[in-house]
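I've put the structures underneath this note.
Okay, so subunit A shows up in both of these, paired with subunit B first and subunit C after.
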Partner chain A sequence: MHWRLNRDRLIAILVLLPSIIAVLVFIYGFIGWTSWASTLNWNDMLPIPKGSLFPNTNSIQLDNYIRLFTVDQRFQIDLRNTIVFTVFFIGSCLAVGLSLAIFLDQRIWNEGFFRSIYLFPMAVSFIVTGVVWRWLLNPGSPEAPVGVNQLFANLGLPFLQSRWYTNPEALYFTPESPVGQLLTQIGLGAVTTPNFGISIAMLSVVLAAVWQMSGYTMALYLAGLRGVPDELREAARVDGATEFQIYRRVIMPLLAPITLSAVIILGHISLKIFDLISAMTGPGPAFATDVPAYYMFDTVFRGNHFARGAAIAIILLISVAVLVVPYLANAMRTEVRR
Partner chain B sequence: MSKKWFAFLAVIMISAMVLAACAPAAPAEKTPVEVFSWWTTGGEANGLQKLIDQFNAANPEAEVINAAVAGGAGSNAKAVLKTRMLGGDPPDSFQVHMGHELLDTWVTTGYMEPLDDVYAEYGFNDAFAPGVLAIVSYEGKPYSVPVNIHRGNVLWFNKAVFEANGLTAADVSTFEGFMAAADKLKAAGITPLALGDNGPWAATHLFETVLIGTLGAEKYLGLWDCTTDWSGPEVTKALENFKMMLGYINADHTALSWDQANQLVIDGKAAMTIMGDWANGDYTAKGFEGYGWAPPPGNTGIFDALSDSFGLPKNSKNPELMKKFLGVLGSKQGQEDFNILKGSICARTDCDYSKFNAYLQSSAADWQKDTIVPSLAHGAAASEGWLTSINDLMPTFVSNGDVAAFQTGLVQAAKDSGVCK
Partner chain C sequence: MSKRERRTIKPTRVILYMILVMAAIFFLVPVYILIVTSLKSYADVNLATMWALPRHLSLDSFISAWNGDPSKGTIGLSGNFMNSLKLTIPAALFAALVGSLNGYVLAKWKFPGSNFIFALILFGMFIPYQSILIPLMLTLQSWGKAFKPLLENVEAWQLPIYLEWIRAIIQTYIPAYGTIGGLAIVHVIYGIPITTLIFKNYYAEIPDELLEAGKIDGAGFWGLYTNVLFPLSIPGFVVVIIWEFQSIWNEFLFAVVLTNNAAVQPITVALNNLAGSYIVEWNIQMAGSLLAALPTLLIFIILGRYFMRGLLAGSLKG
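Our next item is the complex of A and B:
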């Protein structure tokens, strides 16, 4: 008996070992490499000597980070864009996904058909989504609109036309506006600039991303809704609750864990987003749709600023970790309790 | 059922493995030589194939592997190349813009072999213009063989639109003239200047022609060794000219690429566009003949040059064969065959232009008599780091037109480049 257990354990270790080593090297090893690279004075195409992991250069400690946060306009705009994108993307996906799920949950005719339609966008890659939406939202000129703008013109709704992702402006509280004056009075005058605004062009990208991912969110919520036992609904009905109250007071609280998972999944997609931006808009006018991941690629492979790119990578890693680690810790604790 | 499927899958996989093992086995006796570029479509890919065919015919023991990476005007290829070079796995030769992209990224950092023996063996020292030799050399030794010369500063216009509005090429040879002509076109409901800066380089491209046009050749050259002051009033004047021109562009410029902007000129929706002479190839490919060309405002007598060249990395697996390939690239026959397809002129001075089209003949004549300056947007004038910094300033200026902030940014970029104090 004792021997058997040991053999089991040995097999378990042997089976797990390759993936443990792979994870150590290819994830944690490379995180370590990138963190070290981000502190070097490696902003040229310096050769890497044979047998070495880094070029011969000196460390400049945190200068690459300091530069990003102090003088680098593009990076600061990128941070704004990421926050705008994340908030609007997650918010809209949850709202649209939940609405669709509730709609499908009404035992409607041919549910499978609609479910497939809403889920299909998820099957295409962000690259395809990006190219298609770039064409759809290409504004054309005011005299000769194309894409969605042309549709609005033909429908007699020209006021709905927009410059979409070619709009370089941002919505923000100007120092003259009432809110801006209030902010200045309480010592937050610094936020009354476009750098703390909502980039309008980014909303077009949000539209494309929501089109793609809201079906997935719907699937998550639908699974959650199907997991709510009918007894609960019936009990609520017996107690005299209206359908709205049932959703608001009984079902929504039960869906909270689903919402959390959805936020984590959508959140890490949105912080790392690169392919959609690359295919749809690139950095955009005045960097209106630029994001850190795109800047990282640009600065490393066009500008040869390897260390600065590594610093951006580490900042991205930290921001994703801030989102994911509490969730993982929480999930682990629950598992141990079980 | 499932067993049958398993057997079926197994047969497929085994046959796939057998096929995969067979495929590369056949031409194994030939020595592979890998040539890396971003020429994957149209005339440039056909031109490269001509060169490869010439080399293969002369060297039956060798087999050229055409390792071309598509997309993004070379940016994807450059990313792949940099990864390979850093990882110690260089191709036998690769495409690189002559000038600072070659020198600052690859030569001063020690990745390349000097090519003085190739130049001596094939007589390239006498075949290329002295200006070209200077641009590909570092410490007196050449480091790449230029295949072609493109001109960056060309203003293309739709002849019919110009005629209908009573304009000629001479009207837009100065900034004042351009402004008057553009106002006239605008009043007629035509976009005066088409721009497609979906990639910011197209705006930088327009910007460099404005710098040349405002500062003149000598002071423009001075920008890149800092003898011209980036914070000075002449640069301010250039920025104001640039801003003036940006006032006449199409509203959807950030949604378009350069060839889509060119399409606006073909369709007669826009009157002009300022783009390198690859636009000529675009007109030919689209079967459009009603176009004319002129130097952009202030650019008369100045040739803004860029060139694709090929060098020899250290640790190349077959340096001797590669040197023969470079010999073909620089030969008269090779350059004539290549450039007629690529739509550019020869880096050599002795090409026969009788078979080239009218634009290229005029460009070749200008190449002989104009003052030659290196292009910024295409890697000749400044290092890639400096160029990237300028590209990074471009989208903001194009949308907000803040001259003072742009100039401060340009001064900072010049400092960051390490060239200026």
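Our next item is the complex of A and C:
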């Protein structure tokens, strides 16, 4: 293929140029800036001299990072919370989304109506979701329950009541428990602390996030199910497969790429989650619902710890990149082949 | 296989519909509480009976959320609602135009390295914005300093009353820290990846033969765009504009960092402040939430089909 520059091709490149420059400066340039800032001794309000990009301060190499991972209790709780949130959020969205999609695929009367109900939360801001669920999951007091606790009391199901996002505790294996003793014996005694537990308050935030995003997963799966040719199902039926077997053996393998897309999309949303936390709980009791994205905002824009915030941002970026770059690279390769 | 016209209803079907209805109830519970609370009169609002239906329909909470309550010193959301409109509409239109041109170039005028550039652009869709937030704020602040003399000049203009809108437009849309224009530009820039992606996929479906025919007729880059591509891209524009409208309307992080005063803050920031305030009653928070959700919900109800397409386009499979 020979490509020669002519007038129209030059115009095409010139049309794209402003966007290329904007992306290079506002994405890659700014990421570079943040990376550099994360190595500076800049954890106070410092003036930036005219014509300079950074304040006059010395480099402390990776000290900001080392501090986060060794002495910063809040950050370590945040890491735990992010992992808990990501695992439960992705797992629940996939399970709920796939189930709803399969149920809706059974020639349902008024399918479009159900689909719209499952999907509409996607159109709403995380801030609205946060405000509403903050009231729904507000426990109130045992005598005067509020929100869903009140609903459970009214329905005669008081055992379902919970402290929701106000619960500062974490579920973990204590060193005395059988599993804890086993872990200690195989040299993993370090994980028998709340720092390696499941923050209960975080699960309330997961509930709100699943309410918002599982319809999206359903839509992805439903689009995938509609792409499965009827002949395949017919052929399996002729071979004597039950409906369950058809889903298990024929359709599920075909949906694997969709699961991968969904994990990437939900994963990067959950690593970046900020709005929902901000509106629903904030850092929570004993940082029970704090996440790195919220800590970064808090420490930079309320505490002027610019370098520490920059370091958190870069850690976030790396974690998202680990998730997304292989996927993008693969998508691009198939793109080029086409 | 089996006969369609079976009179007996299978128990599995009943269970299936029960599950679907229960799921629908789960998704609708927050909507129920939002609407019920918003429609209660002040006398009727009580946390102890928050699930009960309103005894008298009343728009008290809405009016209070919209106008504020001078006796308590709270400001209503009406101004912020308008700010969101002033921000979202031009930014969504502009982002769609930029995305359309980029998609056109990347789909129909490929050049050596264009796939690499596309990948570079695409990665921007996934970055956590925390990683660009500090330099972004500093950049907008420096633009603010640069535009200060101009703004002071504009402030001093002697304008006849019927031209006052010119001053208002300049003050609103000057790109700087703490202006709607600054926030709008930020949304256009960080919208480039997704709008480019959707349009590139959209244009890739349009056969090259159509453009070849145009070329033989002597049409150049712009001729092909305005006469061939653009008329075919109206559905694409609808998808992208809806997508951008809902994501900019619902956005919070840029808005809270880049707008410092209530006069320019979009509704998400104002609602978040309202919800964090102890002097604002919960029924007003609910009415405020409904107000903030209403525009995008209406779009979803009216133009759901296009909304879905935008959603699925985000999954890279176009």
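Keep in mind that, in the parts below, the second predicted complex is superposed on the first by the 332 of 338 C-alpha atoms of A that agree within 3 Å, B and C clash if a C-alpha of one lies under 4 Å from a C-alpha of the other, contacts with A are read in each partner's own complex, and residues count from 1 in each chain.
The rule is short, and it goes like this: contacts are C-beta pairs under 8 Å (C-beta built on N, C-alpha and C of every residue); 3 or more make two chains touch, one makes a residue touch a chain.
Computed from a predicted model, the values in this text were never measured in an experiment.
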{"item": "Partner chain(s) touched by A:301 [first = subunit B, second = subunit C, both, neither]", "value": "both"}
{"item": "Which of subunit B and subunit C A:185 touches, first, second, both or neither", "value": "neither"}
{"item": "Which of subunit B and subunit C A:70 touches, first, second, both or neither", "value": "neither"}
{"item": "If touched residues of subunit A are counted for subunit B and for subunit C, the larger one", "value": "C"}
{"item": "Touched partner set for A:58, first subunit B, second subunit C, both or neither", "value": "neither"}
{"item": "Partner chain in contact with A:140 - subunit B first, subunit C second, else both or neither", "value": "both"}
{"item": "Touched partner set for A:165, first subunit B, second subunit C, both or neither", "value": "first"}
{"item": "Which of subunit B and subunit C A:48 touches, first, second, both or neither", "value": "both"}
{"item": "Which of subunit B and subunit C A:7 touches, first, second, both or neither", "value": "second"}
{"item": "Touching partner for A:283 - first (subunit B), second (subunit C), both, neither", "value": "first"}
{"item": "Subunit B and subunit C footprints on subunit A, overlapping residues", "value": "48, 134, 140, 144, 282, 297, 301"}
{"item": "Residues of subunit A defined as touching subunit B within the complex", "value": "43-48, 50, 71, 73-74, 134, 138-144, 163, 165-166, 168, 281-288, 297-299, 301-305"}
{"item": "Residue ranges of subunit C in contact with subunit A within the complex", "value": "1, 16-17, 19-20, 23-24, 26-30, 33-34, 47-48, 50-51, 98, 101-102, 104-106, 109, 111-112, 115, 117-124, 126-136, 138, 189-190, 192-193, 196, 220-222, 246, 249-253, 256-257, 268, 271-272, 275-276, 282, 285-286, 288-289, 292-293, 296-297, 299-301, 304, 307-308, 311-312, 314-317"}
{"item": "Complex contact set, residues of subunit A against subunit C", "value": "3, 7-9, 11-13, 15-16, 19-20, 22-24, 26-31, 33-34, 37, 48, 96, 100, 103-104, 106, 108, 114, 116-136, 140, 144, 146-148, 150-151, 154, 211, 215-216, 219-220, 223, 237, 258, 261-262, 265, 268, 271-272, 274-275, 278-279, 282, 293, 296-297, 300-301, 306, 309-310, 312-314, 316-317, 320-321, 324-325, 328-329, 331-332, 335-336"}
{"item": "Subunit B - residues contacting subunit A, complex", "value": "75, 78-79, 82, 85-86, 88, 104-106, 109-111, 189, 191, 198-200, 250-255, 269, 384-385, 387-389, 391-392, 395-396, 398-400, 409, 412"}
